[in-house]
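Shared between the two complexes below is chain A, which has chain B as its partner in the first and chain C in the second.
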Partner chain A sequence: MAKLLSYEENDTWIHRLSGITKLMFFLMWCALSAMTYDTRVLLVMILISLIAFAVSKTKWQQVGSVFKVIMAFMILNLAAIFVMSPEQGCAIYGTRKVLFHIAGNYDMTRDQLFYMFNVMIKYFTVIPAVFIFLVTTNPSELAASMNRVGIPYTIAYSLSIALRYIPDVQGDFHRIRNAQEARGIEMSAKAKLFERIRRTASIIFPLLFSSMERIDVVSNAMELRGFGKYKKRTWYAMKPLRRADYLVLAGTLIFVICALLVTYADGSRFWAYWL
Partner chain B sequence: MNKKFGIREVVAIGIGTALFVVLTEIQIPIGIPNTYLQPRMAVLAFLAAVFGPVVGGVIGLLGHALGDALFYGGVWWSWVFPEAVVGIGVGMLSKSYKVLEGGFDRGAAIRFNLVQIIANALAWILLAPVLDILIYAEPANKVFIQGAFAFLGNIIIIGVLGTILLFAYSRVAGKSGSLQQED
Partner chain C sequence: MDPIIEFKDFSFRYRAQQEASLHDINLKIYPGEKILIAGPSGSGKSTLAHCINGLIPCSFTGETAGTLTVAGLTPEKAGVFGMSKRVGTVLQDTDGQFIGLTVAEDIAFALENDKVPQDEMFRRVDRAAEMVQMKDHLDRSPAELSGGQKQRVSLGGVLVDDVDILLFDEPLANLDPAAGKRTIALIDDIARTEKVTVIIIEHRIEDVLYRDVDRIVVVNNGRIAADLKPDDLLSTDILSAEGMREPLYVTAIKHAGAAINPADHPQHIEQMNVAPYREAVRNWYELTPAPASRPQSEVLLEADQVSFGYTSRHQVLQDVSFRIRKGEMVSVVGQNGAGKSTLAALICGFYSPSSGKILLEGEDIAPLSIKERGEKIGLVMQSPNQMISKPMIYEEVSLGLTVRGVPEDEIRERVERTLRICGLYTMRNWPVSALSFGQKKRVSIASILVMNPEILILDEPTAGQDYRHYTEIMEFLRDLNRRIGLTIMMITHDMHLMLEYTDRALVLSDGHLIADDTPAAILTNEDVTDRASLKKTSLYDLAVACDIGDAAAFASRFISYERRLRDEEKNAAEETGKAENLQKEVR
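Then we have the complex of A and B:
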């Protein structure tokens, strides 16, 4: 069973921040990490992420198994880049310095190596941010704070329902799969492709239909209690934005702007130590 | 079905997203490295066909981002937005499928599959690789090959599993009313 990242209660400085602050930080961080290919900026981002990760007191057991999956994906992705485009780095930086020859058309160039190093550290800038966001944010409080900054409460409530029902639906899923396996339906890699689609369908049917029922039940219950009657609603988990929230938001914004200025200072988002 | 964005749509987005995220766990390898058949795509197409483009689009967006984050700890944004395109695209004709009224017939199935193929082509052959190049500066031939395989995998799983799900659910849901309109 795949272990999911989930919220765990704790009382650190980061846990006390409002959900919307952490969401905004997370989104800005992802956007910056996607835009910049400036190694200096990326390294500073890793440093900040790691400090925040330490402050949040997240334990390795909470995130370790997911981390290993990411590493596997990252290695596959890097391998695919090198196999399919060994000259991508040269095209980006416009220089070419061969370190050694491998075979056929494949040379190991400094430029390609540096480009792939940047792709790799981009992963490490975002991973701690994702972990912190998911492990320290209370879903109900996130919905409340999203509504507070002007997002319609129907949307915020959808997100809250999604986070609330993931464990339930996952429980259903595992029960149905166990039941089907007990009836002798082979789910592992031993079966042939088409057979596996057919067998997957034997899990998806009951799961989807029970979820459709759940949608009816929950929406009827909400209707009976008058959901959506008024333009505004109150939230049990509402926390006011405190000074720390404004400081984090302002600090992140300033950092992102500075980082973009540094990145685009020479008109290109790529930076290399030899240029 | 109600036209405005009502309680049912709010709940459908919530529980649909949860379902999509949970089904991230099932990935059927088809022998090509890093490419899988994703049954969750069939469920996304199903929900879009039943509840319409807004629900489909939001489930695609939210479900993909959350699923990526919860299972893989990172969000591949250039593949999140195309997912919303598939949801919106398939949901465009949701009125004409008449799934809840029990009217999902051969004609609706053909329309559903035409729309899903167009939406998937737009999403994975065009949008995803272009975003990969613009956002992540990935090599062009790598992302177009990946996109082409994702397109193939998705139209197969939606075409087979999605269509079957719609037929089956339409048969069950349509039966619930015993009243018939008089001539």
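Then we have the complex of A and C:
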């Protein structure tokens, strides 16, 4: 778990980019992917994502299990779309071509199938971007980058604090769970589900109280060293923007604009090969 | 020269409290001085520190009277931020105050908040890291550092700011003895080279005196009880009268019936002129009986060549074998990462040894689950807050029995008996939140004891506590040990605990058991103390200085003599208590 989706030190040019650049890319990429249903644009985005993913030298072990979880979620998502609104595709494209009949009101139409295919490839445009962002951005830089794109530093810093103390709280959790189990509060699969949920309280409360103790110390320590004194602060770990960063940002912006122009060229963000 | 800190008829009362916490404090501290502020818990020493760094009255509100000036500022007006430029505070919790994700970021934290440009920040962080000898670890995360290193980072984090005053709140509380010694040396070096005023708040007086201090200010009941040079203070009985631990060699000389003369420099045993006391100490040694050796009872817990590693390459424990007999009180010592907690985890079944066996009453416990072991082996965690999950004392103590389906009336009987043993019976219907830290600790011990375990394992039972709470908890444990014959194993890095309260110590170093002997023998053995980052007791130095050949015997006679004194005191107190109760009843 420790190594999963966590920052891995490496020296590719993606690693060398500033966190700000990667955050901006990630945000623009997600926005574009959410807006467009243009299959051509989506396919180009997948291609770019995959190339970037390869360049970042991210290993499959780092992201594999998370990828599987996302896949499971995607399948659930697609199944839900089909069950809830089997005619969604027809409504969107304004055409209806039945491929075969399933049962009752359910027909498998070309239009629905194509719509769901688009939903699916949207996932694949975003997934590599998420992975690259998380795996190649030094956590120290994260708060600095968020602050730089306009998020107040008190909020950005709370993320940094969370990253700092998550391992400590995890350690507490394991110790507390072990000790409570020794007292006879069974957490293993042997106990019934309801009983297990009820008994989780016996871990949660001690965890909460020991975390409160910690928060007290942390907030005093932060205040004693001047946190919150001014409206702005500087960041030790911030990477300044270099030429490569400006190039990536400009490139991304141009791509997004072009993609949106292509998408909305005919007045609708839905594109189909038969229209 | 004008004082850098001056309290004038200063008093303070917390808003929520009736009584003032500080009364009529008059104290002057001059630039460049190194001051130790000592006092039992609740004495007001931390309150005094909070006044200096501005947390009082800015974060903890209350009523002040009189005046206080710190580096030309009035803390009330300058606020916590204003004071932080002049006063650097290092807290006792080495983990909690480490805010940054890496060493460099943590040191830079104050600069970041001050909007210092990045290139200047790099320069100043480098310089501060160099001062605290952490320059080679700038990219490390806190998880990769030892407690002593984390503390040095915190010190670096306040040194980046060219402060005039360094304030240390119990700097030794979370460190092993060797790391504590290094911290005291580092503080001293920085005080000299940077010409800052240093204030150390600590009750481990002997450990702080490893390096010279200019004055010791003793605080008790919110007043200054003494403000003396160390040599003068150690020649009086003020420390023991105010409920604090004197350096052991000083106590030993006093037990021998000699009065200490300040001119003999009792501040450090190494430099002290021991000659005038030699006769008395030797006589006392001859006359004091050696402690009676315990009859050997049967073996309760046995580790047979136990090895364990989280990965096959890195072994945390290697071939550890020992036996613990019924009714023993044993300490497990060694530096952080030596394998102490892992050993406890193996005994409780949280992990299984990669080879070797653990036997309880002669039977291999490998097939037993964590829960089954929990009925025989009780584990008490470091902080009671890590264990308590019920709002009421009765519910908390009965929890272990309830989940095991013990009948209601048996639960009641067992819980009430346990609460009586633990001195909590009168509070049985209280909410846990109404208890003090020491009482909560007792609740967490009671909630384990109620299951009638054969052996109690305590993880750092006294960590982060002052001498009075420490004594309260340890006396309670010793009482349990003697009255109900409970076997107790304690994981600790506290040398006093090991020496004063346990009969035997297991010393771990890098996963190996390097010694299994009486604490007196271990703490007078230079080889073992060095390898395990322990600290040789000053009784050893005193014995050597007095030409007593067997330093270990000297140390163990001292300890048994002290125990006897304490027991006599306690019995006397109980007798008077009983007499008073009797009188009340008669009336």
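Operating definition for what follows: the second predicted complex is superposed on the first by the 233 of 275 C-alpha atoms of A that agree within 3 Å, B and C clash if a C-alpha of one lies under 4 Å from a C-alpha of the other, contacts with A are read in each partner's own complex, and residues count from 1 in each chain.
As a convention for this text, contacts are C-beta pairs under 8 Å (C-beta built on N, C-alpha and C of every residue); 3 or more make two chains touch, one makes a residue touch a chain.
Since we're looking at a predicted model, the values are computed, not measured.
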Exercise for review: In the overlay, answer first, second, both or neither for which of chain B and chain C A:Pro206 touches.
Suggested key: second
Check your understanding: If you count the residues of chain A that each partner touches, which comes out higher, chain B or chain C?
Key -> B
Check your understanding: Regarding the shared-chain residue A:Gln180, is it in contact with chain B (first), chain C (second), both, or neither?
Key -> second
Exercise for review: Please work out whether A:Thr154 is in contact with chain B alone, chain C alone, both, or neither, and reply first, second, both or neither.
Suggested key: first
**Study point:** chain B versus chain C as contact partner of A:Ala80, first or second or both or neither
**Key:** first
Point to revise | Which superposed partner A:Phe227 touches (first chain B, second chain C, both, neither) | key: both
Exercise for review: Using the superposition on chain A described above, determine whether A:Asp168 touches chain B (first), chain C (second), both, or neither.
Suggested key: both
Check your understanding: Can A:Ile70 be said to touch chain B (first), chain C (second), both, or neither?
Key -> first
**Study point:** Which superposed partner A:Phe117 touches (first chain B, second chain C, both, neither)
**Key:** neither
Exercise for review: Return first, second, both or neither, reflecting whether A:Arg214 touches chain B, chain C, both chains, or no partner chain.
Suggested key: both
Check your understanding: What is the shared patch of chain A, the residues that chain B and chain C both contact?
Key -> 160-161, 163-164, 168, 201, 203-205, 209, 214, 218, 222-223, 227-228
Point to revise | chain C to chain A touching residues, read off their complex | key: 53, 55, 59, 80-81, 84, 89, 91, 93, 95-102, 104-105, 108-118, 121-122, 125, 142-143, 157-158, 345, 348-350, 370-371, 373-375, 377-379, 381, 383, 385-390, 399-400, 403-404, 447-448, 451
Revision key, fill the gap. In the complex, the residues of chain A that touch chain B are 2, 4-6, 30, 34-35, 37, 63, 66-67, 69-70, 73, 76-77, 80-81, 84-85, 88, 92, 119, 122-123, 126-127, 130-131, 133-134, 154-155, 157-166, 168-170, 173, 189, 193, 196-197, 200-201, 203-205, 207-209, 211-212, 214-215, 218-219, 222-223, 227-228, 270
Review point. Which of the residues in chain A end up touching chain C in this complex?
Key: 139-140, 160-161, 163-164, 167-168, 172, 175-176, 178-186, 199, 201-206, 209-210, 213-214, 217-218, 220-230, 232-238, 240
**Study point:** chain A partner contacts - residues on chain B that touch it in the complex
**Key:** 5-8, 10-19, 21-23, 25-26, 28-31, 33-34, 37, 39, 42-43, 46, 58, 62-63, 66, 69-75, 77, 135-142, 145-146, 157, 160-161, 164-165, 168-169, 172
